[in-house]
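Below, subunit A partners subunit B and then partners subunit C, in two separate complexes.
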Partner chain A sequence: MNTLRHRHTIAIVVFGIVYAAITMFVENSYYQLIMAVVPVWAVMGLAWNLFSGYSGLVSFGHAAFFGLGAYFVALAQTHWGLSPWISIPCAGVLGGLAGIVVGMPTFRLRGHYFALAMLAYPLALLYVFEWLGYQELTLPMQREAPILYMQFEDHRVYGLLALALMLGAMALTRRLERSRFGLSLLAIKQDEAAAEAAGIDARAWKLKALTLSGAMAGAAGGFYAIVLLVVTPAAVFGMLVSAQALIVTMFGGVGTVWGPVIGAVVLVPLSELLHAKLGNLVPGIQGVVYGVAIVAVILLAPEGVFWKLRDLRQSRRVPDDEPVAAAAAAPAADIARPERHRTGQEAVILEARGVSKSFGGLKAVQSVSFEVREGEILGIIGPNGAGKTTLFNLLNGFVRPDEGEVRLDGRVITGTRPDQICAAGVGRTFQVVKPFRRMTVLDNVVVGAFVHASSEADARQRAQEAVRRVGLEAESGRLAGQLSTKQLRLLELARALAGQPKLLLLDETLAGLGPQDAAEVVDVIRSLAGTGLTVVIIEHTMPAMVKLVDRFVVLDHGAVLTSGLPAAVTRDPAVIDAYLGKRWRAAHA
Partner chain B sequence: MNGAQLAENFLQALTAGILTGVIYGLMCVGLSLIFGVMRVINFAQGDFMMLGMYAAWFVFGLLVPGGSGGSVFAPYIAALAAGPMVFVAGVLVHKLLVSRVTGMRGNALESEGHYAQLILTLGIALILQNGGLFVFGSQPVSISTPLSSNAWEVGPLYGELVSVFVNQGQLVSAVIAAIAVLGFVVLMNRSRLGKALRAAADNPEAALYMGIDVERAHRIAFGFGVAITGVGGGLLASSYPFQPYVGLEYVIVMYAGVVLGGLGSVSGAFFGGLTIGLVQQLSTLFLPQQLQNTAIFVVFLAIVLVRPQGLFGRAVRRA
Partner chain C sequence: MNTSDTSRRKALGLALAAVALSAFATGAAAQKKTVEVGLIAPMTGPWARQGQVMKMAADLAIEKINQEGGIKAMGGAQLALKVFDAGDTVERAKNAAQRMVAEAPDLVGATGAYLSSFTLAVTEVTERAQLPVLTFSYSDLITSRGFKYVFQTSATGDQLAEGSLPALMDMAEKASGKRPKTVGIVMDNTAASVAFAKPIRATMLDKLGLKLTVDETFTPPLSNATPLIQRVRSQRPDFLLLMPTVIGDAKLLLEKMNEFGIGKGKLPAISNGAAILDPDLRNNMNVEQLEGVMSVVANWSTAAQKDIMAEFRKKTGEPWATQHFITTYGDMLIFRAALEAAGKADRAAVATALRAMDLATGPAQFFPGGRVKFDANGRRVGAALLIVQWQKGVPVTVYPPKDAVAAPVWPKQ
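What follows is the complex of A and B.
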């Protein structure tokens, strides 16, 4: 892990030295300008990546931050004589503030609506700045103190300054990437619901990401104004600005510090040189270059150049970590049901009272009441459409009940946000496993560990503990995308465990597993319950459930049909009719 | 400014708003068709509209050599002729590019397939805009017709104080746009093609099992959608000068209208577009001319923020 981290740092340093050396050797002043502009777009790409790449919300509006930064630096120098050494950091702050102002209302939107709304901000600003009379703002020459105003005879200095800005942005991204910040955003990108269930306050993290991203874009815009010396609304608020940020990143690869850098290093010089050579013959060639680049990337390598290369390299390497699962002795498929000593008088940990929820005319859950006692394994069964998953969504706060209330340790939690319910000690898994495929098993679990962790080291330790408890230690360094279905189920268990819940809600954890794999997972769940954890599990596969649970609640058409001990429930004629069917009766008569 | 003057300004802006609004409505219907059938946000819609404008301009040049005079019908024939031309362009773009990330193939892509479509159409938009700059040049052009410099005077009303001028060119354009929208609605509801398109929109998989070629339905919907917007562009072209970047302004106008009417609803899109036209023209009563589009963006943001799922959308969260 540490050597990997060092390798990345070394790569960044080497890249910086090479870039600086090339900058110093370039003599033509137009090429010197290109050397200064490439890092600006790389920083814009990094800013876009920091927000959209990690959170998965596509922004078409980063030009708003860029343009505000550029105009701030230009106006501050023209009107107040403010030095760019001060105004560029201020432009960053302004961009960050703009990120907050934009994010607060816009995060209510999802998907397409978010992307479209983001597009409207820079375009609205574009017309406002035109109306204000800033069609073309030229920065005044400062002959008295050129260095104070970042005006250098030698254009190579701009290249070096831009490089410093880019290296700073790269270092910041690197730092954030593997921290709580980056992992939380990745979790949101993968599945916002799952992230919230893992205790992540999605809105707060998205807002932080957009603030930082806006700050980076604002600083980039401010520096851009200094390099070009002319600011026009179309050049800084225009569609191409937002598009370029997105395109250099998508081209190079989303979700990595190298993506935007690769994209900028390839595409910016290409479009600039073509523009210089053919601009008179073919106006608009820059836009065509970016358009063709993004179309080609989407069609040929949607993951971007960086990931494509990495995948190619990895597939050529001989896999050195063969799965060791086969080595473990497989437990007998039909394990005996060990006795669990339960009095039925333990304290009530979770209680649902008359909970109802309708979607339109469909009554998904109808006045359901039940209680969960400390340390027990409660099974909720019922046919498809009986309202099982909706019930879980009501318990962990995804859905607000129309009527009734849910109490955790006697406290009403109805109407509380999912991440807060998670922090209060309720963990959950999902019917469909959603691992973060490009992250290692351990990193996947670390995401879940942040809920109660005081530091990153603490989170890592808790994650390791959780991985050990489900028996995935051997796989902890592997990428989640390489796991088997059973291992993925265990991974999800570990992710929920890492938040150290008192109560675990498992949604069809045994679905899609063969009898032997199911038996292994059942063993793990039983061993967890043995350590005092309370478990509520939804399931289809009746035989495995009988061996697992202490008590059943049977749902049918959204209402509780019956509840009780497994032996009693499986003999109840009403249950057999609603759920088990005649074949069960025939087989067990 | 006295009351009569105020009333006159208001009525004048209202008239202009309705006349442009009907054409915006037609353009929105095209965009809405694509989203409704394919569930794809087409970023390049404004640029196909630009193609429609230039196609109409080209046909007009053939009909009226020299660029002025000629039959009063020439600009409208040209605008309608733009439809089939843009249709062919749309079908080609769909076949070669868009179809690779949409429909059944789109479903097979990773979770980002959704955004792949959006970003692909952004790339197409950039190519069309900037390619247009090369092919058509950056000088604004317009289709001049004798009608667009004539107006009918309504009034004088209220004792000779108030009179409203209705531009003849715009009025004819608006009437044609309204007829086109009605024709489209009839086509969608009555014809076999319309039924196939609606089936493909409703449930592509089921439609596939019913023997409907969903890929083809998507291709036709895309071609049709951009062609309708292209005709709208052609109709606008006789009253507004345009250049290759014109699409960008209208893409927000169109999305504002479509979102206002509820994404995917065709009649909603028409009235959404009409409303946007009214907002744009009425805003000139109290805002400077340059901020017309800012007014639209603000209305657009207000709509999506107040009704995050659109006016007819449903808020469903799934775990």
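What follows is the complex of A and C.
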């Protein structure tokens, strides 16, 4: 992992040196200007990527931060004579503050509503600045102290400064990408609910991301004002600005530090050169060529150039990995079946008392009461629509009950946020597995380990431990997208384990598995319970369940039908009628 | 639609002819020296049409100059035009300017760049390259930066406002027998309109004893003009300052005024700039509804340019020349005069000649005020304005009297 990290750092350094060398080599002042503009749009793309690329919340409004930065630098110099050396960092701070102000109300919205709301900010600011009378603002030429005001005779200096800004943004992105920050955002992007269940405070992380992203965009805007020397609302708040950030990132690749950089390095000069060379021959043709180029890339590489290249490289290497992986999967099946000694008198860890929840007229869960004792494996069964998953959602805080309360270790947790319940020791998996396909197995698990981890190294260690406990060690370096269904189930189990829960809520962990695979996963769950972990599992695969659980709770129409030991419950006529069916009766009579 | 198609085809034909001609001319003049001048203007994007008109003007003027023997002080050196596309954004305009100074080091001067925000960005580059630039953009910012290489031939936005309103009041009094007491403003929020309205709201209303009864600002493009015009009709000011800068908005507003029975000059409407005088407007709406509408402009064709206008109509198929044409044509003549004075193809010498220039003939007849002399900031001394009015389907200059092609029409109430 360290070598990988070094390789990326080296790549960024090499890229920086090459870019600087080209900048110094260019003599034509027009190309020097382009060399300075490319990094500006790369930083803008990186800013967008840092927020939208990692969190998955699409922002059409990054021009708001960019424009505020640009206007701040221009106005600060015009009115207070403030040097850009100071005002550009201030523009970054301003952009960050704007991120907070924008984020607080807007994160109440999700999906398309969020994207549309973001669109409104730059549009509103555009009119505000027009109304303020800033239709056109120029940065006064400083003949006395040009360097103090970033006004250089030699345009290459702009290129180098822009490069420094871009390298800074790349280093920051790279650092965040691999940290708790980046992994948490990726988790939110995949599934906000799952992330919260894994102990991630989604709102706080999103706000942090938008703040940092706004800061980057603000600084980029500030620098842009210096390069352009004229600031107009349309030039810095216009739709094109937000669109440009999106285009360079989507072209290059979303969710990676290289995406926006590749996008800007290719598209900005391409569009400019087409304009310069082709536009003189047939005015307007440059737009057609540019558009066709983008459409072609999107068709050939929908996720962006970077991922396409990486997939091509990966696909060449994968065949070698395959046999090793298959062989390594075997040990999981050999886990010994621990003997289970249960007195039924262990301490109660989780207790539900009269919990009810209705969705409109549908009573999904009706005054359900049951308790879970320490170290126990409790199975929850019932027909489809019996309210099993809703019950889980009530237990881990996704849904607030209309009535009743849930206690964890005797403490009421009703109304507590999912990430807080996770931190209190409740882990959870989902019916549909949601791995982060482009991340390695270990990174997937690290996301779940941050709840209690004091540092990144600590999280990594916890994750490794969790991966070992489910028997996925051999796969820990592979991408999750390459795993089999069984391995994905184990991966999710490991992710929940990494948070070191006392209690694990498993939602149909055996779904979609063949008998052999199911047996292997059952063994893993049993071995976990053997180490003192309490497990509550929802499952339909009855033969596996009968072997696995210590006790059943049967739900029907949202209410508890019965509960008890497997032998008793599976013979209960009410259970057979409601759930198991006549065939079960015939087979087990 | 048909007319515009024909004119487009004609324009294309003309452009091709010009290309062929200039190729021929360059071939023939291979031994003779050529002197390059630049045109930087939007050739693509929403303002492309204006850029193309400017190119037509420069081509025609240069053709004429070369026919008349080129620059005599330089042994008959021929002028050659280099065009740079300022595109549709400030960034593009600035890049184009950088390309101009980097790739055309022999330019002695340039004209452009249509929108004042483009001109501001372009001149930041040309100033540093010490390339003299002539511009007809209105913004007073252009010549308030202490620049030495920018020369503004048009009156600035506030000069236009300050110069035109008293003249309009006089015109109204003379025509109708009583002085207007109330005025309405319906404007968009673009730089040109804001610059025009600012001095009016700030001081001029008081000075002229006018009461502002309607004051509406909108953001282009306008989707519905009804509420704006409804307010105008209910207040019924003595005259209306109607300031759209987008041709489509002008059409909407004027049609709505007619629908409400205050069109065709019944409620005098005065605009600023050339959007409301564009040939496109005549092609796309009922010509009668345009009758009587006036606009305050920094340049238009006057009685002095009859011959050139006839030639222009013949060669381009355009019904009339807008300010972009007149000014750019005049700019080429200014460059000729500067080169004759400088005697060499050197931008510093041309800049010096421009600063020393004081002409009342030749190029001066292309600029209201009739004098080509620039002050220390690069503003043209005595830059005056013209008032143009739609009369029988054509916008004609009606003020000041010495430049007027026709007498102004003001409704007798």
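In this text, the second predicted complex is superposed on the first by the 546 of 589 C-alpha atoms of A that agree within 3 Å, B and C clash if a C-alpha of one lies under 4 Å from a C-alpha of the other, contacts with A are read in each partner's own complex, and residues count from 1 in each chain.
Criterion: a contact is a pair of C-beta atoms (placed from the backbone, for glycine too) under 8 Å apart; a residue touches a chain by one contact, two chains touch by 3 or more.
No experiment lies behind these values; they were computed from the predicted model shown.
When the two structures are aligned on the shared chain, A:16 is found in touch with neither subunit B nor subunit C. A count of residues in subunit A touched by subunit B and by subunit C gives the higher number to B. With both structures placed on the common chain, the touch criterion links A:512 to neither subunit B nor subunit C. Of the two partner chains, subunit C is the only one touched by A:135; subunit B is not.
Of the two partner chains placed around the shared chain by superposition, subunit C is the only one that A:230 touches, whereas subunit B remains out of contact. After overlaying the two complexes on the shared chain, residue contacts for A:385 are found with neither subunit B nor subunit C. Applying the stated contact rule after C-alpha superposition, one finds that A:564 touches neither subunit B nor subunit C. Shared-chain residue A:168: touches no atom of subunit B or subunit C. Look at A:272: by the touch rule set out above, it reaches subunit C but stays clear of subunit B.
Judged by the touch definition given at the top, the superposed model places A:33 against subunit C, while subunit B stays out of reach. Common to the subunit B-facing and subunit C-facing surfaces of subunit A are residues 127, 130-131, 240, 283-284, 286-287. Partner subunit A is touched in their complex by these residues of subunit C: 43-44, 48, 83, 85, 87, 89-92, 94-96, 98-99, 101-103, 116-117, 120-121, 124, 127-128, 139, 141, 145-147, 189-191, 194, 198, 219. Looking at the complex, you find that subunit B touches subunit A at residues 41, 97, 100-101, 109-112, 114-116, 118-120, 122-134, 137-138, 244, 248, 252, 255, 259, 263, 288, 290-294, 297-298, 300-301, 304-305, 308-310, 316-319.
Of all the residues in subunit A, the ones that touch subunit C in their complex are 28-31, 33-34, 37, 127, 130-131, 133, 135-136, 138, 140-141, 153, 228-230, 232, 234-235, 238, 240, 272, 275-276, 279-280, 283-284, 286-287.
Touching subunit B in their complex are the following residues of subunit A: 56, 58, 60, 105-106, 108-113, 115-117, 119-121, 123-124, 127-128, 130-131, 190, 193-194, 197, 239-240, 243, 246-247, 250, 282-288, 290-295, 298-299, 302, 359, 389, 392-393, 398-399, 430-431, 507.
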